[in-house]
Amino acid sequence: MSNQEPSAEFEPQITARLLVTCADRPGIVNAISNFLYSHGANITTLDQHSTDPTGGTYFSRIEFQLPHSDLPAPVLERSFQRAVGDDYEMQWKFSYASKTKKTAIFVSKYDHALLELLWRWSRGELPTEITMVVSNHPDLEEAADRFGLPFHHVPVDAENKQEAEAEMLQLLEGKADLIVLARYMQILTGDFVDRYQHQIINIHHSFLPAFVGAAPYRKAKRRGVKLIGATAHYVTEELDGGPIIEQDVIRVSHRESVDDLKALGATVERNVVARAVKWHLEDRIIVHGNRTVVFV
Amino acid sequence: MSNQEPSAEFEPQITARLLVTCADRPGIVNAISNFLYSHGANITTLDQHSTDPTGGTYFSRIEFQLPHSDLPAPVLERSFQRAVGDDYEMQWKFSYASKTKKTAIFVSKYDHALLELLWRWSRGELPTEITMVVSNHPDLEEAADRFGLPFHHVPVDAENKQEAEAEMLQLLEGKADLIVLARYMQILTGDFVDRYQHQIINIHHSFLPAFVGAAPYRKAKRRGVKLIGATAHYVTEELDGGPIIEQDVIRVSHRESVDDLKALGATVERNVVARAVKWHLEDRIIVHGNRTVVFV
Amino acid sequence: MSNQEPSAEFEPQITARLLVTCADRPGIVNAISNFLYSHGANITTLDQHSTDPTGGTYFSRIEFQLPHSDLPAPVLERSFQRAVGDDYEMQWKFSYASKTKKTAIFVSKYDHALLELLWRWSRGELPTEITMVVSNHPDLEEAADRFGLPFHHVPVDAENKQEAEAEMLQLLEGKADLIVLARYMQILTGDFVDRYQHQIINIHHSFLPAFVGAAPYRKAKRRGVKLIGATAHYVTEELDGGPIIEQDVIRVSHRESVDDLKALGATVERNVVARAVKWHLEDRIIVHGNRTVVFV
Amino acid sequence: MSNQEPSAEFEPQITARLLVTCADRPGIVNAISNFLYSHGANITTLDQHSTDPTGGTYFSRIEFQLPHSDLPAPVLERSFQRAVGDDYEMQWKFSYASKTKKTAIFVSKYDHALLELLWRWSRGELPTEITMVVSNHPDLEEAADRFGLPFHHVPVDAENKQEAEAEMLQLLEGKADLIVLARYMQILTGDFVDRYQHQIINIHHSFLPAFVGAAPYRKAKRRGVKLIGATAHYVTEELDGGPIIEQDVIRVSHRESVDDLKALGATVERNVVARAVKWHLEDRIIVHGNRTVVFV
């Protein structure tokens, strides 16, 4: 135990989380729990997953209380690296519930995903500070206003994409730990995506089979699908190909018109994106290659 | 009313069904119901669907009782064509519950879809006579035996496909109003499919996104999908591209192994194929272009 | 065909609906479709249900276009009664899409059901005019304001219930074809309910098994249920015992806290009440005794 | 490390599981993982749950490999009690995948739950040895025969209940770690239930609202419910009131007859009981008071 003054960041009963990924071998849980125990932490939730009984990859999410800690976060983290991380060649990340994540929401013209997020947020279901709504169209300014949020209209076209993204990046500077593409209909460049790796969540419709290109609901209607779905995923350079966070579907039949399908699709999208954002904010998601481990 | 002797086919209280497709215009329901009423039929269920309020296509399924009919089926049907069908340029089909449909089930090595169908059938849930189980492997003979069903082993390879199908067609002659591919892993030729247009139901796995080729569950695992599904469809020449009858999904997470995914997929497939077969047997499905209208 | 001037109510291409309940016997469909055809109506949707092949009750919902009608609605309806209704001793009701139904929403303090309805309404998904929000608490005035709706605060306590309901009835006069109890926590008197028979929709939580009395989510948590549900029903004098319109559930586990269960329950309630209200507004529901026939 | 000869029970790569319940306090994970690590175990799965961040109850399920263990199971377990269990006043239970659990299935006349279990078992999905089928009726003997299982017909009536149960207990002696009531329509006495505490799983239908007494599907039809469900639970003396393991529902409408509802209910029951049994066999369920923690 150290004699240093308690850090401002550590109050009695700090809730913290640790996400870990490493090659699986005996002793990992033991090493982590020893470390936390010796620093006075009380583990309240521990989820782990191994891809294989032997020779697989180990993932873990640990939520713990630091009741009387006298270590500032950076010291704790350096200590963890030395005591555990180095030995197991871990990728790890601590986060602290007291450090509220900041979220920016990108939209175009559809409001359903935006409003669902703002609603749940206003009801205390999403532990985040929403810092801004950014859009390539002016239409949803009033929706942002209603919730007292800054709205930034950044038009995007074929010519100005780079300048537009530069403007966005400036707006986001220090104000976004998470970007939600809540039906934002522009493709972000690889440069933009790289800046926010695994920090951009997108929602899009899904069908069985898939319908690519424009007017997917029209195609789904024409094909007579019986399920309409939505997929939330992290954005990578591969369009709609990033790690899947959550998916859901709703039943439809020949009775629904194309407009009905769109309305039902919007309902699924709302629920799916809200769950994905919640899980991200609660540090429940580990990205591994092109897939996710979600501890719910 | 006719003076002919009652046909053997018409007992008091015959349950019959009429499926109709035609260009939509005023008066169709009226014409059909007039015809049925004037022949003593009591409509017990009437479902209809128009693709558009004006200028669309009209679909209908009518279930009715023929309590004191004195018309043999062929006479009734010719009379319907003259009185209604010609005028509206209808595609129509009568069927009679007393004429039990015959079903042949094709399998390879997996038994789950086969056994689900046999079970439900043995419990009276599927109104059909199952006439045979056909397989390109000998493995499931015992399963067929247990239910007292003839089992035909017809090996298929690259060289003998045509002869094999010829043998199958001979076995099926007069014994199959429906063929269910219950995880039958061979592709049928266009010739075979043409003989049984909209009479062959296939079941296959479905994922969001789609995974083509071999080892789909392995690919789904690698991609981290959150839903595993199944699609039942009529077989057309386009592989897995025929009219969709039914779809369903089940939730999965990172916890399931590839084997778990297969087992869960099998459960979805069982339920989906059983529903599709039931609806076909109850004349609930109208195929229109490459999609279905299913009246459930 | 009549020589009267066309009624103001009938424009070219009026969409109208007819709901019918009567004892089942041969000829009903025929009689109705004859009547509609002879008055120039084009049936676009016809759903019907018989409780039994013989001797049951017949229900039907018919949607039709009146393209060139020259009959005012009251004349059409009297004519229907004479030509069809009398003969079959029908209960029937015509409604016209051009006559928008008026809806009043009752709330207490929870906003989730209210906001879901206002949202879907503002997106054009609920074909109604929302005339007011009534509440026994002042809390949700701002929510009503945001959507430009009158908000009436009518406090209710043990002493003033009758006066309060009298005030509400006055507010509702001519302004409510439907009352939605969107988490309105007061019990309406039998007198009030009688005035709006099958016009008041309530939403409440549902569990397997049921938990009566206060703090149901706490009880559900203690009992370890694996499903949390919601039921929308028409209000009758029997508390929570009226005809069920729609139900749904969501999966939960030991991981959810009581607060989590409440949030999940709110999501189910939102979806269930929105579907029930939509179906009511589209005249899809027939009440029969203490149950509903819902044509979706 | 001990110098004893390796126990017959411990082969290289033994899969074992540990279930733990105790009052939550800091250090538990650490103590357990220290113990397992020091005995050469590699933890492959660790799930835990605390009912409250402070002062709650702690539950954990740990799956681990004992690759080179030289300790016989009883020694390991005594050692665990001394090193960890005593200190934390734990309830704990080790189990070993190599010690296959034995399962007896009780049935009456319905075969759907029985056949689903036998099927999944024959496909390797249920890790158990099924030792017998016991029934108060002779009807399902053939079903047991087909799978090569002993069938014991033990008639039960009002007079002979005690003798019948005595006979059953004798049959079960040493042959049942789990008893599944797969639609067994007799109520077991408290004495019988006490012998197999949390080792008897029952499946029954569930509705919203609940319908008690005979003919529940008829009542559900009359009430017009929109969901039909099933609940699997451990049997306690309180009829149908034991800890819930799993629940599920299926949508229904006015279209389904009472027989249809029964068939759909049977399908839900099959899936629910199969999941509950699987989870029990994989030691995923901890009973706490009258509820379960299920680590899936």
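Order of writing sets the chain letters: A, B, C and D. Residues in each chain are counted from 1.
To be clear about the criterion, a residue touches a chain if its C-beta (ideal position, glycine included) is under 8 Å from a C-beta of that chain, and two chains touch if they have at least 3 such contacts.
For clarity, every value in this text was computed on a predicted model and none was experimentally measured.
Colleague: Going by the contact rule set out at the top, which chains touch both subunit B and subunit C?
Modeller: Where subunit B and subunit C share a partner, that partner set is A, D.
Colleague: What chain lies farthest away from subunit D once each centre is taken as the mean of the Cα atoms?
Modeller: So the farthest one, by centre of C-alpha atoms, is C.
Colleague: Rounded to the nearest whole Å, what is the centre-to-centre distance of subunit A and subunit D, using the mean of the C-alpha atoms as each centre?
Modeller: Each chain reduced to its C-alpha mean, subunit A and subunit D end up 36 Å apart.
Colleague: For subunit A versus subunit C, what separation do you get between their C-alpha means, in angstrom?
Modeller: 38
Colleague: Can you compute the centre-to-centre distance for subunit C and subunit D, using the mean CA position of each chain? Integer Å is fine.
Modeller: For subunit C versus subunit D, the centre distance works out to 43 Å.
Colleague: For subunit B, write out the residues touching at least two other chains, lowest number first.
Modeller: Correct list: 49, 255, 296.
Colleague: Show which residues of subunit A lie in contact with subunit D when the two form their complex.
Modeller: Of all residues in subunit A, those touching subunit D are 15, 24-30, 33-34, 36-37, 40-50, 53-54, 65.
Colleague: Going by the contact rule at the top, pick out the subunit B residues touching subunit D in the complex.
Modeller: Contact set of subunit B toward subunit D: 111-112, 115, 119, 123, 125, 146, 255, 263, 267, 271, 296.
Colleague: Which residues of subunit D touch subunit C in their complex?
Modeller: Per the touch definition, subunit D meets subunit C at residues 49, 59, 206-210, 222-227, 229, 231, 243-249, 253-255, 290-294, 296.
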